[in-house]
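Going by the order they are written in, the chains are A, B and C; count residues from 1 in each one.
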């Protein structure tokens, strides 16, 4: 078991033009752990996410993943390394069916890992790939949607489909950008259960941005609080919750007077 | 400066101004509608044909020449209105690929219309008598018509700059181009502004056609070559930026002129090399702007 | 027209074509093989050109309908293939004809690679459009500089090839014989393209088209696959041009003008760019229309340009898209595999 954290960022800086948005952020996530990144709107949570996953370039600092320096690595290679990603507004391949969506992701994984299934002259997806895709859909509770066009399925189910896409790449860490955004409380709980189940069964680490404190309490071990691009607090959930600095930043927002 | 250099300089500036007269409308429409109207050059060509039809081969005087160009402007402006209502309006909110393809088809359509009305023969129109002789500048003979074109281009640029930055009309247009939704909530009649801009830019293309027709052998393909240079200028200068287009046009004009003078057997190729260099070096253009400047 | 997504169905046939497709294909094959006996040479020529235009349109649509990139200068690749083949036949390059075709295709692919590596990494749709138009114009100029390629008069005066396989020869000099070769070659190329589109590679292309960022985040190297798609597209377009040279027996700069570049766009849009077979349907439809309105100056451009505009405004998914919608309205089903 290595003591090296799975994901480690040091001194991360991101600027939009001359305006510095992320001002030297450090974070680290161990294997299988769960980190929540919170902060008021405009704190830079999305930008931090984009920098960690390779969607935008950094202007300083380093990102280490699984012991390798991935700071210069483009997004698709980081994904191949094991970084899964979901978006705040779920992005899936709209006009493909749910099954085809997952098949594309699986075939991409196989390509990245140099696996080969089925005969080379075959155009249609190999039966074992189709099987694995169906299984993945079933694990996420959307097997019945396999032949539905992704654009036509409901918001909540599309989130599940997106998770299926991310999981198809057998990630070591899942970067979830506001996984419960825009969902009714009941659906929210379902997603939480899903994420917990994924953590349990696949041992993936999770980094997520969230606004809902209940969700955070239920899922994460560690919390990172951002404000104006800087880390103002980090530690366990309890530590952060009782931190006076955090209270000051969030003072007056009912949402953060969570139960317990 | 050697006389050849003088020739290249003036010729280049005239070419550049000619490109600018066509490109200005193109970049303006892009800034406002966010559509690259591939058919813009076709309207320029139709303007040239209208001028030829109305004014004939021998313009009586420079004033009748300009007058004919204004008639062409009006005709093409009206045509632009029609095109906007029938085609361009419906392309505003669709994927830009559709808009590109549709305007490409439109350009071809206009080329066909010109061919059927006027045939494929080449026509020539003479410059008006006042400018139809050359003067000696720095050892080289420069046609007064060349100077006329340069002057027209500069005047047009200055006029556009003044309108855009010094008048309330320009402010409104820039507001609409930057954020149409916001402009709408401020009470600006966005539809009217868009329509006016489209018609004005087409009129400018028509005017360019009328003014530039003595410069070349008139044929349906004339619009095609000009519009290509206009695209290139717009892309190099930065989509939506009139200033960028102006600078890019001058550069392109000078390159083209130098190419024609010093490497005549390989005429017309240097300009593409320049495009390639710019696209690699500065893919967003010299003046990447959001909206018109 | 409201905001529409460029819609593609993944690796599927619509419900109609799944049933009718085999029948239509067999009927088409029978017709193609019997054509020399059924049609006069003029009509046979048109059938041959339609086959060539179909391949050309398919090559364009691989890029547009299946990878999301619009090329407005595809005639450039076609011309490269056509001129190379014409030159090879005219100036006796002493190569087997199949080698000539292969080289033409590879030339197209290599040039596409060069353009793709430089351009596709940074250019959005508009820039790519302008670049492809400009490059085709540049190519036309370059061809104009080379006297051996005939300049304005075009390159002609060459015979159709005789293919020597050692044990036997295939004399394609007569048009009926070359026609049969053309049919077989076309079927092979179309089959290969079908395979590409329905293979994992094709599925990656479609993912890129649907959502390039999402594709990145499932591990697809978007830039690389765009270039690959461009290469296949360019190579195939060059092959179409190469096959056309012995058929028309003259290659002119008309093959590099804007009308020529618009043709595959029109065929794909008219037939329906969301389906693999759309470009072929479009090529056939347009040939038919063209035949009935044999041109006088300007009519071709008016028709091609006009139909293209109308299709975009009224029925962007083309003939096949319309029939699909009608079918679903009538049958009331939904869902595609």
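Note that in this section a contact is a pair of C-beta atoms (placed from the backbone, for glycine too) under 8 Å apart; a residue touches a chain by one contact, two chains touch by 3 or more.
Predicted model, so just to flag it, every value in this text is computed and none were measured.
Taking the mean of each chain's C-alpha atoms, the chain whose centre lies closest to the overall C-alpha mean is C. Sorting all chain pairs by how many C-beta pairs they have in contact places B-C at the top. Centre to centre, using the average C-alpha position, chain A and chain B are separated by 49 Å. Separating the CA-averaged centres of chain B and chain C is a span of 33 Å. We define each chain's centre as the mean of its Cα atoms; on that basis chain A and chain C are separated by 42 Å. Each of residues 5 in chain C touches at least two other chains.
Within the complex, the chain C residues that touch chain B are 1-6, 64, 68, 70, 72, 118-119, 122-123, 125-127, 129-131, 133-135, 137-138, 141-142, 145, 258-259, 262, 265-266, 269, 296-309, 312-313, 316.
Touching chain C in their complex are the following residues of chain A: 53, 55, 74-77, 79-80, 84-85, 87, 91-97, 100, 103-105, 107-109, 111-112, 122-125, 147-149, 151, 165-166, 168-169. Across the complex, chain C is touched by residues 36, 38, 87, 90-91, 93-98, 100-102, 104-117, 119-120, 220, 224-225, 228, 231-232, 234-235, 239, 265-269, 272, 275-276, 279-280, 283 of chain B. Chain contact summary for the complex, chain C toward chain A: residues 5, 7-12, 194-195, 198-200, 202-204, 206-207, 210-211, 213-222, 335-337.
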